[in-house]
Amino acid sequence: MLRYVAGRLVQAAVIVAIVATISFALIHVAPGDPFSAVLDNPNVSENVRATLRAQYGLDRPLPEQFVRYVGQLARGDLGWSFSHDRPVREVLASALPNTLLLMVIALVGSFALGILIALIQVARRGSAIDHTLSGISLFFFSMPDFWLAILALLAFTYWLPLFPVGGAVDPVMHEYMGLGGRILDRLRHLALPALTLTVLASPGVARYQRAALLDVLPADYIRTARLKGLTEREILRRHALRNALLPIISLLGLSFPALLTGAFFIEKIFAWPGMGLAVVNAIGTRDYPLVVGGVILGSIMVTVGSLLADLLYAWADPRLRAH
Amino acid sequence: MTAPLLSIHDLRTWFYTESGVARAVDGVSFDIGAGETVGIVGESGCGKSVTALSILRLIQPPGRIEAGSRIEFEGRDIVTLGDEEIRDIRGNRISMIFQEPMSALNPVFTVGDQVAEVARVHAGMSRRDAWERAVEMLALTGIPDAESRARQYPHQLSGGMRQRVLIAMALMMKPALVIADEPTTALDVTIQAQILDLLVDLQKRIGTSILMITHDLGVIAETTSRVIVMYAGEIVEQADVDELFAKPHHPYTEGLMHSMPHIGHDQERLNVIPGTVPAPTDWPHGCRFRDRCPYSWERCEQEHPPLYQVGVDHASRCHLAIEPERRNHPHPPLVVEEGVAAA
Amino acid sequence: MAALKRKLLLCVLLVFACVGTESPSGAPTGGTLVISTGADPDILMPSLLSSVLAAQITDLVYDRLAVIGDSLSILNDDGFTPRLADRWTWGADSLTIAFHIDPRAKWHDGKPVRSSDVRFTFQSSTDSTLGSQVKALLSNIDSVTTPDSATAVFWFHARTPQQFYDATFLMPIIPEHVWQGIALSAWRGSEQAKHPIGSGQYRFVRWVPRAAVELTADTANYRGAPRLNRVIWSIAPDFNTAVTRFLSGETDFFEQLRPENLPEVAKHPELRTKQYRGLGYIFAQFNLRDPANRARPHPIFGNRELRRALTMATDRSTMVRSVFDSLALPALGPTVRAYPTTDPNLPQIPFDLPRARQILDSLGWRDANGDGVRERNGRPLQFSIAVPGTSRGRVRLAVLLQEQLRQAGVKMDVEQLDLPVLIERLRKRAFDATIGAWNTQPSPGSVRGSWGTVGSRASSGTNYSSYENPVFDANVDSALSSFDLPARKAYFTKAYETIIQDAPAIWLAEPIPTVGYHSRLQLAHLRSDAYWAHIPEWWIPADKRIPRDNAPVATSTAQAESAGKKTP
Amino acid sequence: MLGQTQDFEPISPPRPRETPLALGVRRLLRGRSTRAALVVLGIIVLAGLLAPLIAPYDPSAQPDIVALKDLPPSFAHPFGTDPYSRDVLSRVLYGARLSLLIGVLATIVSLTLGVAYGAIAGYAGGLVDAVMMRVLDAFLSIPRLLLLIGVLVAWPRLSIGALVLFLGFTGWFGLSRIVRGQVLALKHAEFVTAARALGASRRRILLRHLLPNLVSPIVVAATLGVAHVIVLEAGLSYLGIGVPQPQASWGNIIQDGADQVATLWWMSLFPGLLMVFTVMTLNILGEALRDAYERRS
């Protein structure tokens, strides 16, 4: 187990190193020097330019620049965001909790919803309910993230104004609210983006879990359980789900990229102040250090996520736990 | 003779598949007496396992036990029982042992848990009592150090151990009938004998009946008192074990005998009988074995043979029973095995 | 204190009750104005800012010596009213103006405003280290002297009609004691540039990026407290969210409605719209010099006839109606109708597609290969027009223009760029064409920089087209040095006629700024250059207040500062 | 469905001369939803291909920029018009063309890379394989959209060809892992050993023996890959770094109307719906293909 963890950690480190290399290559191989916009912008102050030059050592030979760059990354220095006029790390650090909040809610919500749907489907497999739910799942599964978010925005803030438009809190009144009011305000703002991301992520879980359950059901041990005189319900809940949860833990790791991608669009469309919004806005302002910082951080999140999922898997599966 | 424990009458289990109705079991009738050991033997696809599963009503869609089939057990017809009642029989009055002890055990629970579960379901025992009972039972099946073994997961046990676990599970409630579906096929030769001995031994102690399903005539010879030979969804021959081995009547049984490997020689298919079992969606008219039969003649093509009585408690579904002289003129089988040309 | 507490408690209990208090002048005060906006300010420092929002905020926080009248006359001190300077005297030769600082004037941190602050403001604004965009406009001011702490004297190089305007309008006065310790090069990134301390009727409370900027009434102000207690800019991430917040009542005021918003606003009986005359115009501008070699004329746009043909091929009034509906008029030229010096009947190049085709034919641009695009000597009549992708109006105009020109056999590619990139290209004159927009100042003189030879030759000049015509320059100069309105108007008209006929740009649209506001809000005059100029006079009747009007107000400076520091 | 009874495998032995592909197709056509999906996809593809013939208007024509702009769906303009008075239906049809084309071309690029990389890694084995797989892990852990954003922001103003290449370059990681697994498994399969024993060259083994066995995972990956690329392209275009503006792709049309969703909802709804249907049918087909092949093996 310990060896396994160590191995996975090394692997994660290698991944981050490769991501760093890719991002370095992006910065330096790109034809339209990504910093020209900054370096020539009259509104960017001289010390920012100097910082940038120092950061990327733009006038040094490439290998030296690379060593410098990796060194800075290792220290957690992601450079200077000129559109925010703050270090990229600070920008991302202040945005990250919002993104994580959104992702965690959506993760928990979509897995709960997805597994529930799958259980209903499998309990009534072959029935009209099963087919209908499959169809609905597939429909939402095939939906581009941004499109569903646009529709949700349209439906629930314009046509049926149930939710406030954008942001994490009421920008004006939040400061003046009591504790209860603040919590309520946050929840009101959180509801629609979190729900949308949940709806986006659930079909994948439901489909995967349904398949996993159906994979498990023909298994001999399910027949054994049936043979023992267990009810279908007990079998589904006790024997099938428990086994089908293992693949779902793998799905947990696999779903991070999609969840993060979804969060990007959702943050953009619902103006949720997370790292997705920061990075997408940085596209518009050509704030290249921030974009690259977002890519690196996103990759780290995904790597860490899948690492956690793997560890969880190893812990949950008695066959692996022993080793 | 007292009333049999289990009495199957005209069992038909059909599967409604995309490529047609597969009549996997097609009119099977037989009895099992209390404490008796009956064997069903036949090639893959002959319907013996479906018969076993039908007895426990474990047929999953698209399979279905057809109306008119009757499976009488302890005075009740299993076919028409409610879900609740059938569940009460499963694992309690009738239990089953499978071929693959690894896959038949749930990998994420300890074996003790799985054995104990039976007692919890049927005897309503507490977790603790059930566990103790399970350990007892495991010990009874010859698992050394059962207490600690019970805390292990299936993957930590050897194949023979796992089979013992399954046997413990099956005998937990001292059922009236145990169905053993190829219980030794997946095991090492040396273990096979041990497991068979164990079964026979336990049967004697508990007094349960056994329905032994196998393709291995050696196992039949060793454990059973009466044999049913199945082919293409039907019983083709039925006799006491000694009678059958001494005087096989049906050409299929004959073929099986000829191809009988030495005990323990694991051979999945008895390839020596030329040809393969026809598709269950499309049983031939007349005798279903005729294409592979060295004696077949016109009658075999036109008339579906009934079960002829050919001796004391000995029946055979072969027209040779009424035209025995045909046995003197064997000919090569009509059909060359498919794929031979291509190979 | 206990009484205050009780009062606050009452506020909380009777949320809908109003707690209007009377100001010394007798006008009712109280209430919160929330303005919807779609972007953050860039920097809250008058000499460095470039965003309109930053100007709104700093104009309320900082004071000028005097403010321009609503007529926007820039002639001498006509119509100007006192602010930090309670009076002023002209020198005998009119080359000096002595401003007397209002003795009651205090900075928001409690320090008095002195003449040295005025001198400091001038000196820092004109120091090239700071890099203020105002510097170029202050070239006529030689220096500022301070004979005593209450008097600031401006010394001018030349007598011009807009001397007084230059001295007062261009420079909100900043406190020397706050800024003197910071190197000029560090101003831009300084904390002070995020937490302004001024002398205006509103003091700064907080700026939470991407959320809000809040100002509160400076109740002890030398000019009296403003009528609204608070002004808050609610910063939405984009235009649409800003509009939606306004429509939903989350905000009270939206500064620039688009035509498609009007029916939405009309659906809300409590919302109103109001138009005022703006000072902006939009145009499609050509580069008259070859981007590859500025010594040569542009291979396409170097030709005046061709440029005129392009204007002729453009149905400007239809385009304007398509994009802006009733919220803009076709532009007259490099000017706006709000100037008293602008003749609204300036002769235009008419829309005449057949004639445009004829001209292009006669210039040798013909479609020989039948692909719909004219060519000459093997070179197709094709160019790309750069537009800022974030400006929807300009993108729309470009796409419409693309189709119009296609009908004349001209292939125009639309290239959407990010604003900083675009500005950079314009600065380097590395472009074929662009859709530009100028928001001009009250003085029509800015046309010198944007279309005159000065703006073409100077390295920081904004005459991106490199349009150079001595006739135009001479007429503009004459106009600017003339003290007589009819004469000024005549000179400007000549200058405009010249440039219109030279067609260095297709003059597209002059937007009519349209604000949306909640009917409970009582607006004052919306001044053309700055609708917000009179915000201190806006008010909300006591019977129309809603809970947020009565939210407790940050009162002391200390509180304001700590609130400000909380912002990350 | 007969998995319940192990005894019961050979229902109908495969017809000897049928290729895996033909078998797959035959299996595929059995499902009702699969047939429906094929029909819908066929219609969409056909509509895209025939866009010039069936589009009611020129997708870039601006017939009347004042009177005909921003029209909601009507008989004359079933999908409404955009702010330039262009017919949205016509644009969506042309958009189908472009979006599908990008999807297919990018997927071809991905397939080529994925198969090559996976086959090499699997065939080489050992250290080469280990290194190649670690590199692959790194690529797999970068969310594709993020990677593309990073690339496309660095390379502004890309042509569609370059966009296709980048979409292709970022889409092969998953497939190459599958291919590598298959190659690894097949490498030691008897028929390959036999071929090697008979002196077949490495190239011949790869091409004649391994590739045909990779057909099924490739076909499945291709189907799902096209769906994925379509969604990605739309997302990037929506962010303004995908297909450059004058051309209509589904993402672009949605982006055109994105800043007026409330008033121009038809500009988001119709291209989006069409996209959902396309992706949905591709998903159905991909899965049906997978089922068909998996059941065979």
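Chains: A, B, C and D, in written order; residue numbering restarts at 1 for each.
Keep this in mind: a contact is a pair of C-beta atoms (placed from the backbone, for glycine too) under 8 Å apart; a residue touches a chain by one contact, two chains touch by 3 or more.
Fair warning: this is a prediction, and the values are worked out from it, not measured in the lab.
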Could you let me know which interface, A-B or C-D, is made of more C-beta pairs in contact?
-> A-B
Nearest to the mean of all protein Cα atoms is the Cα centre of chain A
Whole-Å distance, C-alpha centre of subunit B to that of subunit D, is 49
Inter-centroid spacing, subunit B versus subunit A (mean Cα positions, whole Å) = 53
Which integer distance in Å separates the CA centroid of subunit A from that of subunit C?
-> 41
Please list all residues of subunit D that touch 2 or more other chains.
-> 4, 157, 240, 261-262
The positions of subunit C in contact with two or more other chains are 238, 244, 389
Can you list the residues of subunit B that touch 2 or more other chains?
-> 61
Listed in rising order, the residues of subunit D that touch subunit A in the complex are 3-4, 134-135, 137-139, 141-147, 149-151, 153-157, 227, 231, 234-235, 238-241, 254, 258, 261-262, 265, 268-269, 272, 275-277, 279-280, 283-284
Mind pulling up the subunit A residues that touch subunit C in the complex?
-> 36-37, 40-43, 45-48, 84-85, 90, 94, 157-158, 161, 164-167, 169-173, 175-176, 271, 273, 277, 281, 284-286
What residues of subunit C sit close enough to touch subunit A in their complex?
-> 32, 34, 42, 50, 131, 185-186, 188-189, 206, 208-212, 214, 232, 234-238, 241, 244-245, 248, 250-251, 389-390, 418, 420-421, 423-424, 427, 548, 551-552, 568
Would you tell me which residues of subunit D are touching subunit C in their complex?
-> 60-62, 65-66, 69-70, 83-85, 157, 240, 245-246, 259-263
What residues of subunit B sit close enough to touch subunit A in their complex?
-> 56, 58, 61, 83, 87-92, 95-96, 98, 100, 103-109, 114, 117-118, 121-122, 153, 155-156, 166, 169
